[in-house]
Amino acid sequence: MRKPVFQGSLGQDYYEYLIEKLKANQRVDGRTLDSYRDLKIDLNVVPKAEGSAQVQLGKTSVLAGVKLTAGVPYADTPDEGVLTVGLDLAPFAHPEFQPGPPDEKAVGWGRVVDRGIREGKAIDLGSLVIEEGRKVVIIWLDLTLINHEGNAQDAASIAALAALMSARFPEEIASALGRDSLELLHFPVSVTLGKISDFMLVDPSIEEEDYLDSELSVTSLEDGRISSMQKILSGPLNEEDVMKAVILAKKKGDELRELVLKTVKKHKSRANKDSE
Amino acid sequence: MSKLSQEELLTDDGIRNDGRRVDEARPFEVEVGVLTQANGSALVRQGKNVILAGVMGPYEAERHSQYLDRAVLKVRYHMQPYSTNDRKSPTYSRREMELSRAIREALEPAVILTDLPRTEIDVFIEVLQADGGTRCASVNAASVALADAGIPMKDLVTAVAIGKIRDTLVIDINDLEDENGQADFPIAMMPNKDKITLLQMNGLLDEAEIKKSIDMARGVIGSLYTIQVNALKKKYTPLAVSKEG
Amino acid sequence: MRKPVFQGSLGQDYYEYLIEKLKANQRVDGRTLDSYRDLKIDLNVVPKAEGSAQVQLGKTSVLAGVKLTAGVPYADTPDEGVLTVGLDLAPFAHPEFQPGPPDEKAVGWGRVVDRGIREGKAIDLGSLVIEEGRKVVIIWLDLTLINHEGNAQDAASIAALAALMSARFPEEIASALGRDSLELLHFPVSVTLGKISDFMLVDPSIEEEDYLDSELSVTSLEDGRISSMQKILSGPLNEEDVMKAVILAKKKGDELRELVLKTVKKHKSRANKDSE
Amino acid sequence: MSKLSQEELLTDDGIRNDGRRVDEARPFEVEVGVLTQANGSALVRQGKNVILAGVMGPYEAERHSQYLDRAVLKVRYHMQPYSTNDRKSPTYSRREMELSRAIREALEPAVILTDLPRTEIDVFIEVLQADGGTRCASVNAASVALADAGIPMKDLVTAVAIGKIRDTLVIDINDLEDENGQADFPIAMMPNKDKITLLQMNGLLDEAEIKKSIDMARGVIGSLYTIQVNALKKKYTPLAVSKEG
Amino acid sequence: MRKPVFQGSLGQDYYEYLIEKLKANQRVDGRTLDSYRDLKIDLNVVPKAEGSAQVQLGKTSVLAGVKLTAGVPYADTPDEGVLTVGLDLAPFAHPEFQPGPPDEKAVGWGRVVDRGIREGKAIDLGSLVIEEGRKVVIIWLDLTLINHEGNAQDAASIAALAALMSARFPEEIASALGRDSLELLHFPVSVTLGKISDFMLVDPSIEEEDYLDSELSVTSLEDGRISSMQKILSGPLNEEDVMKAVILAKKKGDELRELVLKTVKKHKSRANKDSE
Amino acid sequence: MSKLSQEELLTDDGIRNDGRRVDEARPFEVEVGVLTQANGSALVRQGKNVILAGVMGPYEAERHSQYLDRAVLKVRYHMQPYSTNDRKSPTYSRREMELSRAIREALEPAVILTDLPRTEIDVFIEVLQADGGTRCASVNAASVALADAGIPMKDLVTAVAIGKIRDTLVIDINDLEDENGQADFPIAMMPNKDKITLLQMNGLLDEAEIKKSIDMARGVIGSLYTIQVNALKKKYTPLAVSKEG
């Protein structure tokens, strides 16, 4: 259930405490306004999937699973593979989540991940054709929010990127395409900023989310370009807020991206060592 | 729809596929009070988009969904099967759910919900013909329909999508430009407050392009806003979906 | 929600006022029992559709869109095109309408339109075969009730006829079939009569609908034959009511049909002029 | 099902494909009280149709759907997957929704709803085998089941479908006649009141044929009605779907 | 709605009466603990189906319909026919049943029938191939509970067996396969036992079901092997309960099976006589 | 998945396809309290199964579903699309409904529902990776999660599936053994009470095999139970789906 307009679930006093802190460039969990919680990435956590990753952003936890199968392309893009992104809220991830088909929130988070990858041209869909018009690679990217402590958006974005990067084709596809993985062209990472009163902060915790006026998720690439932006919640933004967010998103996106790349690299070298 | 090259979309002389210049918005028309059973309504034609918005309420919200201190605003964006080039299934899709939310959050900052505690206001939007930028046209229709319904508002909400073609920013993109262009950047504002209430971007833009897009949008939104206000000043118009009707 | 048996939403006094009027062969909006409200037909209102029409019957407004695509025939009719009729209630058309899949009412109105056309053999489905058993014309006729002020049935029937008559095949189909439009064989038009107490009236307004005991929709062709009848609501009818309705339906149907034919003709000649 | 010509459906000697004459109804059997958990029930065999109707209630309606001055009557017509020549999906279809409504409105005039304020009465109909005219057979089963449940009624409701084959009106059409004939005209009446409570027509009939159809229906309905009444007079019969059972 | 833990719908007194009886090896309807109610099987009750049966177990009544069509096999079993089992609760069969998609109860009963047949290898699916990978026999077994007076499980199991045994292929399939019926290899029959306090009883009536702590359905074959077991309800069982149930299930299963076989045999000889 | 012969599943030397002996259970690990928003939680790895269970509640049940004298226990078993060899549709299937019920009924005897009148307890189970015997692994996870949530219980519930390969009974079957074996016989017990709370069998077993299976299961369940109890004694572990995490 959505909260009343002027009061988060922790009450008006908490709001004032939060604002007091923000004025001193501090947050209630000790972070500065532009710092993320600890990020932990585990790869290949679901070995049955062609690729998988678990991301822990503070206590928020998202799982990404990638299945790669051969299938029929869409009629209007016979010369392209297919990317399908879904996001599921595990009902134990938060008391307000209900089992069932994805709601507005889940659809929103999933679409931002989808658009960041698709619009950022991270995957060369044209390279995923086995037989034009008849047989292409279908990428099933399924995300599960298993513990929600705020900023599911960025955790999902990172998990998606890590799972795609570490995914390996099943034998049949690998031999048909002559390579064993997706080979990403770009590395989109979402950075989410929340606005409370006049303050903009990154990676909002769940306590902060309750008091946000608005949220802006900005997905950037390694070359500094932006591939997706999404404002949510009903508070308005100024142009300066947006530009400040874009600049911060690039900076923080670079930091997050570096950790993903490093983790995947380490994983691959370890995997190679194991297979020697 | 066949794919168009960037050069087909924008000539060397700066002319777009529908004859417009890069900074030229599409024809924009608004009719108010076109429905009799809705409390407020508006028909918007923005380019070839034809969008009908109706507001039901405010009425007393059901107990389990009402708020003691404000109204609940619900928005449903729906496309008719014949509105698109390929027939669309009439079933409510994830994309329609996503757009409904974006439109609702674009409108909420403008509606003074606290003036109407315990009530519900429903905004229903039917896309009769789609031509790129339907979410912006829907915001434009819905905010006028809310005003027509007498819902207290701080400002209207006005929206336009900026695009990028042949590495050039262009205003108020149509269907072909959306499908074949390099970016789609819908922006809604409360014009008198200079506040952004909807912002979505798909495509590839750099920092400077983002800034320039917002500035371009602000300019167009000013013009569209005037048309919205003028429409609200006119009296009831019988509903005719066709321009000639 | 359905109304109590003996009381419309405007109360018992209104019912008595209505009956008083009817006894004097008058209706509350000034019409006689056998007269329709003003009918206005606009064609090609949704140019993206292959055919479209908006019908305004008084303040009742229905939109019809026709999409014509090539597709696979049904297995049991490999030598026939496919006609699919749907009817949607726009939720702003009436306070009682809810968004979602069509309810009993919407299904009923849609089916009467469907049956009137299908049983009246208005369209020669056998002439819509591009390649037997593999490729035929699919006619998607979608109706939207956008403002409900009574007698949605007849407005939908007229909109459907006008949209079908003015529809033009997309190029690919036109060249395969060697003609550019559907070329109707018959022109079915529904006429709906309401019974209140002992009075039968045509084209009930929404205020009258609330007090109707029963309703009978009769779809007639230009040759006087009836292609569909549908009684609704829970009041019974006498044989005389039915026969009276049939006679009236033919008469009023002729008037409505003439207006459709005239409008389509005018539209086509204007369209031809435009294309010269 | 293969298509049959009009001549195959009706010979020069006036014999129909199942051996009947044009004015001859199919065998009609009614068993009452065949279920133990329903408040009223009936099994009807009309030709090869096998229809089971059960009535639950009257019971107190849920608050939001109850009427202070009368009962709510709900009807659900449903076909079993094995009831038709091709297997039917068990999902409730639009056609079943349409027929449920037609059957409900056929029954409502006969039920004295105002005797049972605030209550709900549910009529559930399962088509076990379908052979043309299932809606009529369902009305016949349901009205007997209502009577068996002790629901106050002004009259029974009895139904039959008239058809047209080889330009001739025929009585109580079966599946083949429905599929291949020129018209399907189901009619339900309250026999003692001579009132029509269900009337649907698909096909092509002229004015005179419509009148004649109603008169033909009235005659058959009288005979069927007698069988319904006699069945109600008999005692409880254990349910056997099969005739030989 | 489910009943409170310690009280059936007929109250605590009824429970004590029931226990009193059970202590004397009697049941409230006069049966002993290991005796079934009267079983009546009618075959070919829905002639339009390829096979059908109505089973009456006391006043519990289940209908089984079998449709046999030609269709495409599953991709992973190109050399096998397809068996599909569904179970529907007619809403007039019990006041607690609601119309709509099958609930947990219906799914459970249907699955036990399905597994008993499938795991018991009653049907040689490999013998149902018309053209490998392209065309096989699809068996649609649909069950309808039309009157629920307890032990729907066993009634459904018997109806399913009888309908499958008496089913005949449509001509097209018969000529393709060179035989006219399914020719079962085994004859699975479910026997359901209920436990109340320390008593185990077979074929519980609906009054008894209300007071059962747990239920165990055991499907046995004619050779004494068990092809499916399913415990339901939330009371626990001892190992001895299970073994006692298995022994009883074999014994009672033999009795029920004999009646099915006899009935089918009689039916077939009568059918042959009729066709001479 | 390719079909395996009985000999491939079990060698002459009594070695199974994953190297185990017939009476050897798979590695079994339990982590407790791995979620922060659930009232209780557990992650179970049983062979290659990875199962996450979270308990929400007890909280006040909605009026129409509450019992005056006890709690309502609800269980939802759900498989993630990537958990299986072929991608599974995320839609809740009949099989998931069947397993949810079996798991709920396996847990109910152990939960002292009468200690929590008018409340509801929800057990949500997500299968992250499936490897045969998911319902047993789910029971093992769920009963620990219930204990972690502080729900009053008579005993834990512990489960394992017995299988039959090459006419030999084997313990704790994996995916390949389930698909290609001769029987799948999942059993859950309250170990301290020696009571069976879940029992399902698919395949072909004779009377003696059934008895032997239960005895074999009892043995394994004792070992698994010890691991469950030890996990509950440990403190909060941050959730890492991967073993190495």
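All chains are identified by letter, namely A, B, C, D, E and F, in their written order; residue positions are counted from 1 within each chain.
Convention: a contact is a pair of C-beta atoms (placed from the backbone, for glycine too) under 8 Å apart; a residue touches a chain by one contact, two chains touch by 3 or more.
Just so it is clear, the model here is predicted, and its values are computed rather than measured.
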{"item": "Least step count from subunit A to subunit F, where 1 means the two chains touch", "value": "1"}
{"item": "Shared chain contacts [subunit E and subunit F, defined touch]", "value": "none"}
{"item": "From the options E-F, D-E or C-D, the pair that copies A-F, where over half of the contact pairs coincide", "value": "D-E"}
{"item": "Inter-chain centre distance, subunit A versus subunit B - centres from mean C-alpha coordinates, in Å", "value": "28"}
{"item": "Computed distance of Cα centres, subunit C from subunit B, in Å", "value": "31"}
{"item": "Separation of mean Cα positions, subunit E and subunit B [Å, integer]", "value": "58"}
{"item": "Whole-Å gap separating subunit B and subunit F, where each centre is the average of the chain's CA atoms", "value": "51"}
{"item": "Arrangement of touching chains [line / ring / star / complete / other]", "value": "ring"}
{"item": "Ring path (origin subunit A; first step to subunit B)", "value": "A, B, C, D, E, F"}
{"item": "Footprint of subunit F on subunit E - complex, ascending", "value": "4-6, 76, 102, 104, 107-108, 111, 115, 119-121, 216, 221, 224-239, 241-243, 246-247, 250"}
{"item": "Partner subunit B, residues of subunit C touching it in the complex", "value": "40, 42-49, 52, 54, 56, 59, 61, 63, 65-67, 69, 86, 88, 90-95, 99-101, 140, 142, 144, 146-149"}
{"item": "Subunit B to subunit A touching residues, read off their complex", "value": "1, 67-70, 94, 97-98, 100-101, 104-105, 108-109, 113-114, 185, 190, 193-207, 210-211, 214-215, 218"}
{"item": "In the complex, subunit F residues that touch subunit A", "value": "35-38, 41, 48, 50, 52-56, 76, 78, 80-87, 90-92, 122, 124, 126, 128-131, 238-242, 244-245"}
